[in-house]
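Have a look at these structures, which come just after this line.
Common to both upcoming complexes is subunit A, partnered first by subunit B, then by subunit C.
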Partner chain A sequence: MRQRKAFLVPSLGAGVFLLAVLPLLMTSDYWKQLLIQALIYIVIVVGYNFVTGDVGQLSMAQQGFFAIGAYTTAILTTTTAWPWWAGLVASIVVTGFVGAIVGIPTLKVRGQYLIMVTMAFSEIMRLVAVNWYGLTGGAGGITKIPAPSIAGMHFTSKTAIYYLFLGMAIIMILVAWRVRRTKYGRAFLAIRDGELAADVMGLNTTYVKVVAFFLSAVFAGVGGNMFASSFGYISPDTFGLSQTVLILAMLLIGGEGSIAGAVVGAIILTYLPELLRFAAGYYMLIYGALILLITLFLPGGVVGYAKKLWHTTLAPRVFKIPPPPPSVYTPKYDARDLMMEALSSRSSFTKVPKRSKAVAADEGEV
Partner chain B sequence: MGQLLVSGFAIGCIYALTSLGFVITFKSVGILNFAYGEMVMLGAFFATTLVVSLKMPLILGLLLVMIAMVGVGIVFAFGVYRPLRNKPVRTVVIATIGVSIALQALALIIWGPYPRSLPTLGAPEPINVFGVSILPHNLYIFGITIAVMVLLWLLYAKTSIGWKMQAVAQDAEAARLMGINVDFIIITTWVLSALLGGLAGFLLAPLFFITITVGFAAMLKAFAACIIGGFGSFPGAIVGGLFVGLAESLLAGYVSTAYKDALTFALLIVILLFLPQGLFGEKIGEKV
Partner chain C sequence: MILETVQLTKSFGGLTAVDAVDMQVEEQEIRAVIGPNGSGKSTMLNCISGIYKPTSGAIRFVGESIGGMAPYALTRRGIGRTFQNIRMFNSLTVLQNVMVGRHCRTEDTLLEDIFALPRYRREEEEMREKALVYLDFLGIVDKRDMMPASLSYGQRRMVEIARALATEPSLLLLDEPAAGLSQGEKSALADEVRKIREAGITIILVEHDMRFVMGISDQITVLDFGKKISEGTPSECRNDPKVIECYLGGKVGSHA
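And now, the complex of A and B:
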């Protein structure tokens, strides 16, 4: 443990220092803009992780909430004289409210039905943004959205916005990290690992899923506010289905079910277009192929792979860190097997197969 | 009213074909294929290349498109299905979206960004039937859709290959033990899916301008149709397709052209609130 601490403190310090000096290293506004974009996506994807990574419900609604958050801030700060922070509060309230309202009926459906309903929700939001000209400015969007400002401080330069958003992103990550250690965080994982079992244990699964949906929506609302106020211009084009795909790809490529995965995925896919700039017209081709290959060959994402690498190779061989002592109780079977055994031993005297067919079928199914 | 019904029914027929092709792979091999729309797109682009650029007659063009789609189906069976067959559903969804993005990019490189179109089947002037003017193309759509459905029904109900396909869909392992060549049946399923998608693309091309995004839009509508009908059900896919086509047309005519897609999706959500399994969905208990 002490070894780990000795390792953690300097690396944390180095990380903070690096984050602080990053914008000073970037010479052009374009690169600073990318930093800001990465922070925005970090907030959105960390939020998305609640529903899709932790609870394991494949939702396509995140970009709909992102759109609502962005439009709420944009409309309030341009048409009324509301300051930026009031727009942020409004974005959080509105997306949280919509998230809970939408979550209640949609989370009763599952699997492909949930995918379709959440996709339909996002598409409806985009189509409303295109067609409700009086409120959203139609396809032309909303321009001249004021930059962030709090208590007389105006964050107009890219560097200032970066520091502000860095603070916001860290706060949101800490919130997410804290939520995972509450009863809700544990309930999320319980539903992912076995919804029926969680239900039987007395967990109100629909309620817990709505909480996850609400949290995801709030994070997307914050991301929407950051997006609208830092770019100064939004249009419905930003909120198409490709945005949903991007958010989902960020989570899966980074590694679903972990905050670090969400952060890493958001950073990788923000910078990927830059790394592949030489490909020009072939970029989308490479992007599509990369998504396919990473999901096929790195099922736990980049972070999952790094963890595996650390535990199997780096920690024991390179850094000579002894593996943790084995836990006191190592179950021979998982709970389901034990239950199957208990149930079947009552009625039959044939030997119970090590893995019953029901268990095998259950694991193979969708 | 009659006019709206006819055009809605024509679009609905195309959606029904698209939905059948979309749902067939899910029912047989459990793959939710988000790259399916690109089969529709490829069918439409192949058709424009053959008929418009190479000036072939439409029927020959259709024949060649179908042959090309057989190839596309085989490529999907090996390139998409084989690596994804035992993966969880989210992996399948995002991986097939990756395939979809790559195929769209490929189409952009080959066919360029400009919209293309195809001449209609039959004369371009509408004919008058009981006071409703109908494009002959729409009549062809009705005829072809009905013919395809009868053929599919015959295939599934009357031929041994259809029975084998049903057996594989129910339990691939048991089917293999019964001596069925499961790999061949699965490839056939993918070819069938590609044929239906390509045909839908061919019929769609004269009605809309074809760009690289046409496939994803078509897939979204097919997905919605399958969900309304009950996912995994063939009658459900057909009824759902017709329903979405008619709803779109009537909503555009009586409510708002701009909001027709938004309203159709809203209708879908409302339907699912009352029928969470769709119209023809199997009411199955959850497995423990």
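And now, the complex of A and C:
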């Protein structure tokens, strides 16, 4: 354990230092813009991982939520002159609300039907953006979206925006990391592993899926706000089907079901086009082949493969981990007492105490 | 009476898998439902646990009509179960599997969980402790941090029972609990089942292993082709000519 800490602390420090100096190493605004873009995609894909990675429901709606988040901020900060942070809050509330509302009917269907329904949702959002000229500016989009600002601080330079977004991305990653450690995180995986068993264990699976969908939408809403305020201009072109596929590809290549995977996938696919720039016309060919190779040979994505490598070959050599000591467990309660206590909490079987609460909970929590 | 089925019928298209079965189960009873393959035992269990909607007839659990309710709602009312083909959550550890069973007894919300507020910490700790107690009760607490895939079949079965107990059932349904277990594991299982009953939990089990059934049950319900053909104590059923006929085969062509 101490060995691990001795390794972790300096590497974390190095990571923070690297992230801090990164924009200073990038000389052109274009490369700084790519850094910002990577952070936006990180937030979106980490959110997407809830529903498609953890719960295993292939959703194509993330792009639609991204669009709603971007347009909410864009409209409110241009036409009504709301401050940036209010736009961010509005984006979160609106996408979260839409996510829950859309999730309730759509998540009752599975597999290819879910793909179709969610894809239709994203397409409808794009078409609304094209056609509701009065609100969205139609195909021309919305221009002159103000840059982020909080309490008089204006984040106009790319470097400043990078630091702000880095903070936001870290917060969102921490939120995702927390969710993973709660009963919700476990419930997500339980549904992916066996929906029927999860249902029989008392999980309202539709509700749990809606929670995942809601979380995904909120993350996309934050990403939308980041996108609109950093680019200053949005149009429906950005929110086409190809973006939906890009977000899915990011998750698959990074490693679905893993936060680190979502982050790594977002970074790889943000920079890959730049690295393949030399290939010019062959770019899409190489890009497609790479995705194919990764999905074929690295089923857990890049991060899944790295983890496997780490656990099987690297970690034992680096740490020389001794076999875990035989675990001794002294129970805190007597099992029989626990069972009887649970029964008596329902008093006599003729009455139904606590159960009336459970009825209310049927609509409610996990 | 904790559970009652009245004229319970479930048909799939033209096939009537469960045909007008009346059954009454008393509190703290161990009830076995037996019968040849395809006699409707598992279908009946699936109706009681909400996986199937009965075609007609009623199911009453502590006086409340529960026919057609969703499985999770029934689990919250106190009906727990295991599966014939063990269904583990394979990306969760053994301990986490059992903790999932207790989720339905917790009330902390998503926001409390994300910010690790006191109620979350209390519920999570309680979930963990109680899950460990059930694992200990079933003798597999030392496997708590392992993945289900690395356990033996018998150990996974025990995890599944621990997970069902964590839902805090008053009625526990066991679908072929002894299937695939060694003789030693079977007798250990029988002991556990008795202990669970002594704690006040009613048990309905579907089982093929006659020695196991005869040794453990208070009452046995015998199904054949979806119909109840006999009911009574193990010795009554053993000597019922209709039961003997359905297991050993009666006159040629009688069931063809």
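Going forward, the second predicted complex is superposed on the first by the 316 of 366 C-alpha atoms of A that agree within 3 Å, B and C clash if a C-alpha of one lies under 4 Å from a C-alpha of the other, contacts with A are read in each partner's own complex, and residues count from 1 in each chain.
Please note the rule applied: contacts are C-beta pairs under 8 Å (C-beta built on N, C-alpha and C of every residue); 3 or more make two chains touch, one makes a residue touch a chain.
Everything quoted here is computed from the prediction, not taken from an experiment.
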| task | Have a look at where A:G257 lands relative to subunit B and subunit C in the superposition and call it first, second, both or neither. | result | second
| said: Touch test for A:I92: subunit B only (first), subunit C only (second), both, or neither? | reply: neither
| message | Contacts for A:R178 in the overlay, against subunit B (first) and subunit C (second): which applies, first, second, both or neither? | response | second
| said: I'd like to know which partner A:N204 touches here: subunit B for first, subunit C for second, both or neither. | reply: second
| said: Which partner chains sit in contact with A:L166 here, subunit B, subunit C, both or neither? Use first/second/both/neither. | reply: neither
| said: Looking at A:L196 after the superposition, I want to know if it touches subunit B, subunit C, both of them or none. Which is it: first, second, both, neither? | reply: both
| said: One more residue to check, A:L107. First (subunit B), second (subunit C), both or neither? | reply: neither
| After lining up the shared chain so the two structures overlap, which partner does A:M119 touch, if you call subunit B first and subunit C second: first, second, both or neither? | first
| field | On subunit A, positions contacted by subunit B and by subunit C | value | 196, 358, 361-362, 365-366
| request: Name, in rising order, each residue of subunit A that touches subunit C in their complex. | output: 175, 178-179, 182-184, 186-187, 189-190, 192-194, 196-205, 211, 257, 326-327, 329, 331-336, 338-340, 342-343, 345-346, 349-350, 352, 355, 358-359, 361-362, 365-366
| note | Listed in rising order, the residues of subunit C that touch subunit A in the complex are 2, 27, 49-51, 62-64, 70-73, 75-78, 81, 83, 87-92, 96, 99-101, 103-110, 113-116, 120, 123-124, 127, 129-130, 132-134, 136-137, 141-142, 144-145, 163-165, 167-168, 170, 195-196, 198-201
| Taking the complex as given, what residues does subunit B use to touch subunit A? | 26, 30, 32, 83-84, 86-91, 93-95, 97-106, 108-109, 216, 220, 223-224, 227, 231, 258-259, 261-262, 265-266, 268-269, 272-273, 276-278, 286-288
| note | So, in the complex, the side of subunit A touching subunit B is made of residues 52, 58, 105-106, 108-109, 111-113, 115-117, 119-121, 123-124, 127-128, 130-131, 196, 241, 245, 248-249, 252, 256, 281-285, 287-292, 295-296, 299, 358, 361-362, 364-366
